[in-house]
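Letters are used for the chains, namely A, B, C and D, taken in the order the chains are written, and counting of residues starts over at 1 for each.
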Amino acid sequence: MSSLPMGPNRYGKSGIRLAVVDRSRPQHDFTDLEVEVRLQGDFDAAHVDGDNSGVLPTDTMRGTCFALARDGIDSVVGYGVRLVDRFLTASPGVDRALVTLTQHPWEAVVVDGAPHAHTFRPAAGGRPTWTVTRDRGEQATVTGGILGARVLKTTGSAFSGFLRDEYTTLPETRDRVMATTVDARWGTTGPDADHTGMAIDVPATILAAFAGHDASESVQHTLHVMGTAVLDAHPDVTWIRFLLPNEHHILSDLSAYGLDNPGVVYLVADRPYGVIEGVVAREGVTPEVPWDG
Amino acid sequence: MSSLPMGPNRYGKSGIRLAVVDRSRPQHDFTDLEVEVRLQGDFDAAHVDGDNSGVLPTDTMRGTCFALARDGIDSVVGYGVRLVDRFLTASPGVDRALVTLTQHPWEAVVVDGAPHAHTFRPAAGGRPTWTVTRDRGEQATVTGGILGARVLKTTGSAFSGFLRDEYTTLPETRDRVMATTVDARWGTTGPDADHTGMAIDVPATILAAFAGHDASESVQHTLHVMGTAVLDAHPDVTWIRFLLPNEHHILSDLSAYGLDNPGVVYLVADRPYGVIEGVVAREGVTPEVPWDG
Amino acid sequence: MSSLPMGPNRYGKSGIRLAVVDRSRPQHDFTDLEVEVRLQGDFDAAHVDGDNSGVLPTDTMRGTCFALARDGIDSVVGYGVRLVDRFLTASPGVDRALVTLTQHPWEAVVVDGAPHAHTFRPAAGGRPTWTVTRDRGEQATVTGGILGARVLKTTGSAFSGFLRDEYTTLPETRDRVMATTVDARWGTTGPDADHTGMAIDVPATILAAFAGHDASESVQHTLHVMGTAVLDAHPDVTWIRFLLPNEHHILSDLSAYGLDNPGVVYLVADRPYGVIEGVVAREGVTPEVPWDG
Amino acid sequence: MSSLPMGPNRYGKSGIRLAVVDRSRPQHDFTDLEVEVRLQGDFDAAHVDGDNSGVLPTDTMRGTCFALARDGIDSVVGYGVRLVDRFLTASPGVDRALVTLTQHPWEAVVVDGAPHAHTFRPAAGGRPTWTVTRDRGEQATVTGGILGARVLKTTGSAFSGFLRDEYTTLPETRDRVMATTVDARWGTTGPDADHTGMAIDVPATILAAFAGHDASESVQHTLHVMGTAVLDAHPDVTWIRFLLPNEHHILSDLSAYGLDNPGVVYLVADRPYGVIEGVVAREGVTPEVPWDG
């Protein structure tokens, strides 16, 4: 067998699910997280020689996540910073530690018009996500994001004037249903920004821009409007990257039954679906773009 | 080959996804449905002889669902009644037509403090579901339901004093996190009840009962409280059947790290999970219980 | 609040995942199971009064499944019988214990033309499943089954001569692609039948009947042929129930591009999908039919 | 609102599902594909100005995939090359066209010891996948891959001698169950390599290396062995990248029941799970590594 060196590599733990209850006030807080850890560094000995002396077990990553939550979580990003710091300390061969934290948001159930003190249900809207990355000897960096934020408008969206070829049969439309599930990631000025606030406010800006953009000529067009709105409203965001499926709602053709369909009945399609990916960035900022990697 | 007759059978279409937009007011309505159709009757010729002359294609069921939504949907149950009536008319060999309609609820997005007229996001809470069944020559019957309504409380739940054997290692607890995803079905007095209202109000009653039952000794105990509350508050409900997974949140044992854990950090487990199924019915009412079938 | 008695109910544990390794021969055996337990009986005190003294914790069910596998599993059904017996013993208030065991089948990896002694990959074909039920004072009964067995034929299937109405637009065809995912359950003569053998042989009979039935006029037609073939070949099977989705492969209409399509390119559709459910039973046998419940 | 330019972007269609039947021989061929298309180029006008004149609709991508399959598919990669060429022709503003094709492999059903001519079931093993990328004015490049290839060994795997800290509680083991689901991607010498053959042979090499590596000290260790084996055996592979979840099978602790467990019963865990990612490359080759992007 050849003796090839190990190329780029990293390892870690995914699917760490933990919940933290803050009982310090009558109204409890319930923070429900999925954590993912990745470590990068010099792991040639482990790969080539089977020498584990530099390998912190992924089970230890799991245990660390639970242990470091013992005193509660002031902010999710603060907890993430403590985690990456810990992993760099515990694992001397590691050059970069990365922790992704995705929240399943819950809200207090409203009973008799008031939020119940200790009963919760999943909140509407997407799941906030943050990635804290720290290279040894450097400051941590933080990206925020929102995953799975579905949104739909019943008018104010068009798609026409597009490029046609011999395989183009799509009719032009000046009024359609537009639906997507927003997955967005944004770069930030660093760990000290108000990440908890932005996890609420950036999606709200995205939603308002989506709703307000009734001159939409395409998902691409609305993507740019949403990205610009975020950069305008949130000084601590340096770039924002969207992944937007075009979740087609197709006006049902009822002509075979002798019926018209003036914007009433739509077929909700699963697939195929369009995918629009794009970045809006402040001048001079180079965002992470995984597909160009 | 033997010449065995055909036993019990039915057929139909699942996964019919359609959305209906009501544009008659400035505030649009967006109704997003998944429809399932089942027909039962004498289909021996189709099965035994390959004679399709009595078989309405399942593609026709799909088309019928779209065509009958052309003028909008006043109420989901009203639409379901029109569908079962149609299928009994179109298919003379059918004895029973059954339509299940499950709604993906959307809510108007709030922008600048007001609901937007034509932009929506998925609402919190579960998915309302209804089954309309009609036997030829009989009136239609209707069951309502709610699917996927997750709910959790951080205190007010105990599990102790249970039966023990040599395989029992579970510690007793007087204070735990209790979480479930409510799947409930309820029988009703018929098609004329206010099914649209009950789709909102019955889950609200369930949620309030769950929240208010701080003396909970088990999921079973709370199931009975929720069922009783529904029958007390909703005269048109004749029975209610719950399927309640016990979604375990396990207090993380941090003793290996020299730490206690006074109700702060929980492991969120996927499986295995407990399952509690039960019915509460008015006196003299015999509910449908699939597992006793 | 009303004081309503508890109606029908049961409880148990789902998602118990365990694997058993038999190392007694050089060629290891790897049995990978998902177990589900349900107990039925008089649990009024638990529901109405919060009295858990008769409630065996579902965590104990989990532990019992692991403990009773300590000495290996001769046959999955034998293990299931030991489990239901144990639960009836451990839980005096229980009238019926039910255990469902679903296998994830693995096969030895073939290396250099021979099966490797201790390396496995998931086998093709569906997942065998068994339900063992025992009522107190009665013998156990056993149903077998196969889940998720996809199968497809590129010719030998027609659908024509069907009932038409004004919503019927489906073209007739004498040659189509037919695809389904077989979910089948069968009743048996009891625990002593060769359930391990039938888990292999009954699906093989189903597959051969599906393949051989080139005169298929519909999924219903083939269902009856498959059911009859099983009852003919397997004397210990008393009835068989199929749930067969019709997984549509739609001949792609390329006429807009000036192309014909002589049975070459098909659109693989997810939904909607047809559903065909039916039973074939020996004379005098009354099968379980959940949808008639 | 700011007038920010559009940053990096691309768009396309996902979830295009088509099947191609080759009926030219008595033994039919059934090729079942999921296709994904992405186009990159100058789409500033579409994003910033809502000008769609340069935007080929994603619906046209779908139609093109069906039309170009009309005469069958000699090889999946050949079909992919025709697709990227077509998209570059049809869309003058595009600099890069990328098509990913993932196959759902089917095999002829064996009846009476012989493969049936036109009946198929899903084959064991993972899903082959290929990405064809072409930059305007350049040759196409091709990566191959295998997705979802689960594999497990019941002995021949250890994990010991690892780095410990105060959060490390994992016991060392010299004999464990090791399981993973191989997702691998490999770079190739170009479109003319035997991609169809490699889709069979590279996974076979991976499987054999996994099986044969009974001195495994870790998933990392086996990753390197598998990567080296592939580069040794397949001259047209230039690098290979693995994503290997560590699917934990945990020896069940039965001591609470007074039982030992000498490698018999294992808990099959879903999560958390370890993740090992790494590349093995020929000297001088720089592989794509998305996580370093």
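Please note the rule applied: a contact is a pair of C-beta atoms (placed from the backbone, for glycine too) under 8 Å apart; a residue touches a chain by one contact, two chains touch by 3 or more.
Fair warning: this is a prediction, and the values are worked out from it, not measured in the lab.
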Top of the farthest list for chain B, CA-centroid basis, is D
Rounded to the nearest Å, the gap between Cα centres of chain A and chain D is 23
Whole-angstrom distance, CA centroid of chain A to CA centroid of chain C, is 38
CA centroids of chain C and chain D: separation to the nearest Å works out as 30
So chain B residues touching two or more other chains come to 17, 63, 67, 167, 169, 256-257, 270-271
Contact graph of the chains (line, ring, star, complete, other): complete
Chain C residues touching chain B in their complex are 1-4, 6-17, 38, 43, 46-48, 50-60, 62-64, 67, 90-91, 159-165, 167-170, 215-218, 220-221, 223-225, 227-229, 231-232, 239, 245-246, 270-283, 287-293
In the complex, chain D touches chain B at residues 166-167, 169, 256-258, 270-271
Chain C residues touching chain D in their complex are 17-21, 23, 28, 30, 32, 63, 66-67, 69-72, 106-107, 109, 111-112, 116, 118-125, 149-156, 177, 207-208, 210-212, 249, 252, 254, 256-257, 259, 261, 263-270
